[in-house]
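I've put the structures underneath this note.
Across the two complexes that follow, chain A remains constant while its partner is chain B and subsequently chain C.
So, the complex of A and B:
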């Protein structure tokens, strides 16, 4: 039995009215989760790599527009549908019931989720550049549906997103028109064949327009300001879905256009300063700065959702960096990181929203000690941050290792050091997240907090299993990553079940994990041989320089975390990009105000008279002289 | 004024190994390992604290002996009290000592911990530390130089390796004795969060003098802290069920 792309897209379209119909009831929401399972199965049946073609196609101004899902699109589509399924399950039970009572429209939430999935499938299955543009615009606008749901801060963030998305869309459209002018066709094959004959300046324009346009969705610098607040303040399942996969559509489009159609060789041809700084190096540096700066912005956030949102931006930098290295190891690392990031980011956001669900706040200065009350959420967040920080045995380690290895092999020591700096920031800030939420002193007002309900913890825990299993056996995912690499025209990575086995480097996570667990095992054996004696003590039976502690004493608090480090690096947070954005906005604002003032206050008749007189004078002057 | 009785250092040495040669070998190995990995919690009460930085840092470098500072009593092995202990301080020292996990060792540095030192006249100072908790080692002097501190630490290491530093067991076996001194100084309502009697049972160190008049006095007013249980209240809250 094989799947068909048409059936998948049909399922996806039918899902939209179904979502509107079923979302208000609990059973209906679980049925919608089932719909995602069906979509996932259908996608799995399609299989990676054989290029399922849709029967839907039409002609637009002489260009045929059609859809075809290749291995790259399939890889992203699997992540998309799965992320939507997990998010839908998370909201299906108590979360949905309580939030609907609080005024959230579940109908719009599930419709938004399904519309996003459909839009992304349309983008990922694009068979030519017109279809790509249609999918791109659909995806951009669909994201807005989810961002507008929560109200409050989310509205401002969504408004900012629209401006960026329209600007990005216009750039992509410009690139599209220039491609048409240069290549005479918008079919992938024809464009790819024509690119080597395109002149340098035209190729510069095409590449920049596409890469910048797609970067907006990806939120690479300097377009990084919109993403964290826009994703963070959406409702929980929307935030988990958007954070997991939405921004990666930009990466998909960049990979498709810059690597598959234009090609790495052509990117190398475009240089700013002889051979020293070509477009590929430039992209690598942009990626690295995207990995560093947002990560350190994340570190100083006090809202857990914003912290994770900024990490989402930062991790996108790693993916782009791996991709533009374009060797088999680096590009595989970049693509694998898409999957890995989707899994652990979804866990982390779900855990944070579980805490919000129970305590009503994500303010890292107002939480703490919840490990005794929400141990499963703690476990989920712990596994998630191990993944995000890139430590074995979770899957984030594998992709980061591949990217590091590629940087070393490609002779990029500066980029390597820069990514290490970024990782340092990641480790520090995820510890802040875990510590301020779950460790330390339990607040009096959280004394009666309960663990999140099963409908919320099970999606988290299943994803934890995914993070662990794909960390121990990354070969499970690398199989599809290698197929996606081939679809991009890159050399596929040589993988084994436990990781990488190629001349470029060897990594067997099964061994790494075995050694790691053996270390724990020796400790456990010693502990239990010595009698296994442990005593649980009261949380207030704690040490604070010998003080006698009572529940009303805040002996442990998390305000101004990393005060010492922040004292050193605070002057470096200049907010230059926010300032530049503000300057741009106020410039446009001033121009708009002036124009409006002219329109509203000046008497147009006078200006027409003045203009006519001036023109007449000019004409007469010329006629006379 | 000062209690002139001799130091009542009465270390019991029961044959815990039961004659099993393997467990004896194992115990010796354990004792050796313990003596080579010690974390110190400094309870720096007086002037003696000033001699510890040189003992810790590169000149005398006590980390070469496997000894390094620790910030919390739960992970610490040695409680180092470095000077006079006023009544108020002693309460904190007792609290900290009881929070430490066994096996734990106490070192009193400076003459003040031995006999009150230059504060022997003070009404507010505890004169003899080992009335209140078992002290494994005193390092006398005013203040003892880092060489003396290091020498003392080496002696403690030797005692631990030889299995002789068992003062902590004495605290459980004769809790009533120590509690009596504490009550005499702090008043009858004195209590700490730690349930020492339960711990004595837990460690299997319940002796005939663990309970007595003073523990009975303690039980009359003791308000134990409830152990904080992990909670998995996964059921929906009532308002959802309704």
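So, the complex of A and C:
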């Protein structure tokens, strides 16, 4: 039995009215989760092999537009549909019921989710550049649906997002037109064939327009300001879905256009100063700064959702870095990180929203000590942060290891050191997240807090299993990553079930994990079976400095958690990008005010003056030149 | 390799690490004592201390995570030792390599951080925040060193790194080939060991020993064991990267102990830096030295 792309797209279109119909009731919401399962099965049946073609095609201004899902698109599509399914399940039970009572429109939430899935499938299955553009715009606007739902802060963030998205869309359109002018066609094959004959300056323009346009969605620097607030303040399932996969559409599009169509060989024609500073190096450094700076911005956040949002921006840097390395190991690491990031980021956001569900806040200065009250959410967050920080044995380690190794082998030690700085920053930041939420002092008002309901914990825990299993056996995912690499025209990575087998250094996670678990076993034997019996005291039974503390005294160490570090690096947070954005906004404001002033003052005499001046200038220009 | 041989290696490697680590703790105390004109503890004192701590009657636990933290702190190192080749035994070093080892040694620290977090003592939390900051500070020179060594030898496999140095003799040792990186590595080593002047996260008089504040009995005993492993791991890693590993056990142990004499002697002669000064210090000299060394490696 094989699947068909048309049936999949049809399923996801039909899902939209179904979502509107079914979302208000609990049973309906579970049926919608089932719909995602069906979509996922259909996608799995399609297989990651070479492209299932859609029968839908039409002609637009003489360009035929069609859809075909290759291995790269399939890889992203699986993640997308699965992320939507988990998010939908998370909201299906108590979360949905309580939030609907509080005024959230579940219809819009589920419709938004399904519209996003559909839009992303349209993008991922694009068979030519017109289809790609259609998908791109659909995806951009669909994202807005989810961001607008929560109201309040979310509205401002969504407004900012859409300005960025439109700017990105314009750049993509510009690139599209340049491509048409240069290649005479918008079919992938024709474009790829024509690129080697395109002049260097035209290729610069095409590449930059596409890469910058798509980067807006990735929120790589300098377009990084919009993403964290826009994703963070959406309702829980929307936030988990957006955080997990939405921004990666930018990576998909960059991979498709820059690596598959333009190609590494052609990209290397583009350099600023001989080969020392070529476009790929430039992009690699942009990616590295995207990995570092947002991570250190995340470290300063006091809202758990924003903290994770900023990490989402930062992790995108790793993916782009791996991709532009373009060797088999690095690009595989970058693509694998898309999957890994989707899994742990969804867990982390779900855990944070579970805490919000029970305590009403994500303020890291108003929580603490919840580990004994919400142990499953704690476990989920713990596994999530080990993944995000990239420590063994979770999956985040494997993809980062591949990128590190690629950087070392390609002789890029500075990039390697820079990525490790980002990872270390992540470790600090995620410990703060975990500590301030679940560890330290329990607040009195949280003494009666209960674990989140099963409908919320099960999606988290299932994802935890995924994070662990794909960390121990990354080969399970690398198989599809290698197929995606081939679809991009890159050398596929040589993988084994446990990781990477290479003469310059192997990684076998099955062994590493087995040893680690055995080590923990020995540690447990040493601790629990030897020595005196330990006596557990109540969580609120604490003392400090020789005084017993009553629980109503607040002594949780949470604010400005890394005080010593901040003392040193605070001057480096200059907010230059926010300043630049502000400056741009005020410049446009000034121009708009001037134009409006002129318009309001306008009378025919002014226009005569303007007209005469312009004509005179034109005549003089031509007379002189 | 036959599985039984491998099983023996995997058992022996952590055991050796522990015993050698105990001796290293003893050496550290002896050095401190001599510098302070004391006699110092007897041969088996480190072992007595562990037995005493495990046997204490009062063992206060602040919850399951407090206990699991200690399990992770010890267990993580037990696992890490099998990735670090010693003479005649490679364990699973070829399945991991130096990057994996670097990250695996963060697991015990994470475990400790979790355990301390559950204790809900602000001094403990401050200690962890400082310890993580210290990690950020010393790991930057450390990864520069690791990158340099990996590029120089063309591999991240520690077994190959040792084999290349032993095949070529002293002239091919990392320390001879990359002296600047070797010096930068010493700074990082000092930070890794958490010895003065980089022990602000313990700071007994100020935050009551920070991470250790709620640790008594076998909780502290576990941390003592962790310290043995930590000393061993740091010094053997340095020997592996820069001093040609161990040709035989005598050379291996001599090198491993000799490497530790340097940070230990420095430690007891200096007061501690404040956190921000520690960062400035570690981000300045070792990083500059390391980057210059890296430039030589690259050329």
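Definition applied: the second predicted complex is superposed on the first by the 589 of 625 C-alpha atoms of A that agree within 3 Å, B and C clash if a C-alpha of one lies under 4 Å from a C-alpha of the other, contacts with A are read in each partner's own complex, and residues count from 1 in each chain.
Operating definition for what follows: a contact is a pair of C-beta atoms (placed from the backbone, for glycine too) under 8 Å apart; a residue touches a chain by one contact, two chains touch by 3 or more.
In this text, all values refer to a predicted model and were calculated from it rather than measured experimentally.
Undergrad: Sticking to the clash and touch definitions up top, decide whether chain B and chain C on chain A clash or fit.
TA: With chain A as the common anchor, chain B and chain C collide in the superposed model.
Undergrad: Let me test your reading of the model: by the given contact rule, A:537 touches which partner, first (chain B), second (chain C), both or neither?
TA: Touch partners of A:537: chain B and chain C.
Undergrad: Could you look at A:98 and tell me whether it touches chain B, chain C, both or neither (first, second, both, neither)?
TA: first
Undergrad: Counting only touches as set out at the top, which of chain B and chain C does A:427 meet: first, second, both, neither?
TA: After superposition on chain A, A:427 lies in contact with chain C alone.
Undergrad: Between chain B and chain C, whom does A:563 touch in the aligned arrangement: first, second, both, or neither?
TA: Second partner only, chain C.
Undergrad: Give one of first, second, both or neither to describe whether A:372 is in contact with chain B, with chain C, with both, or with none.
TA: both
Undergrad: If we overlay the two complexes on their shared chain A, which of chain B and chain C does A:454 touch? Say first, second, both or neither.
TA: It touches chain B, and chain C stays clear.
Undergrad: Report for A:585: first if it touches chain B alone, second if chain C alone, otherwise both or neither.
TA: A:585: touches no partner chain.
Undergrad: Tell me which partner A:14 touches in the superposition: chain B (first), chain C (second), both or neither.
TA: neither
Undergrad: Which one hits more chain A residues, chain B or chain C?
TA: C
Undergrad: To test your reading of the overlay: chain B has the stretches 7-15, 79-87 or 97-105, and exactly one clashes with chain C. Name it.
TA: With the two structures superposed, the offending stretch of chain B is 97-105.
Undergrad: Per the definitions at the top, what is the overlap between the chain A residues touching chain B and those touching chain C?
TA: 372, 530, 533, 535-537, 539, 545
Undergrad: Which positions of chain A touch chain B when the two form their complex?
TA: Its residues touching chain B are 93-94, 97-98, 372-373, 375-376, 450-454, 457, 530, 533, 535-541, 543, 545-548.
Undergrad: Any idea which chain B residues touch chain A in the complex?
TA: Within the complex, chain B touches chain A at residues 30, 43, 72-74, 89, 91-93, 95-96, 99, 193-194, 199, 202-203, 225-237, 239-240.
Undergrad: Taking the complex as given, what residues does chain A use to touch chain C?
TA: It comes out as residues 368-369, 371-372, 382, 386, 390-392, 397, 401, 404-405, 408, 411, 413-414, 416-417, 420-421, 424-425, 427-428, 431-432, 434-435, 438-442, 498, 504-508, 511-512, 515-516, 518-524, 526-528, 530-537, 539, 542, 544-545, 555-557, 561-565, 567-569.
Undergrad: What does chain C use to touch chain A in their complex?
TA: Touch residues, chain C against chain A: 10, 14, 53-63, 65, 67, 70-80, 82-83, 92, 94-97, 99-100, 103-104, 106-107, 110, 113-114, 117-123, 125-126, 128-130, 132-133, 135-136, 139-140, 143-144, 147-148, 150-151, 154-157, 160, 200, 208, 217-219, 221-222, 225, 274-276, 278-280, 294, 297-298.
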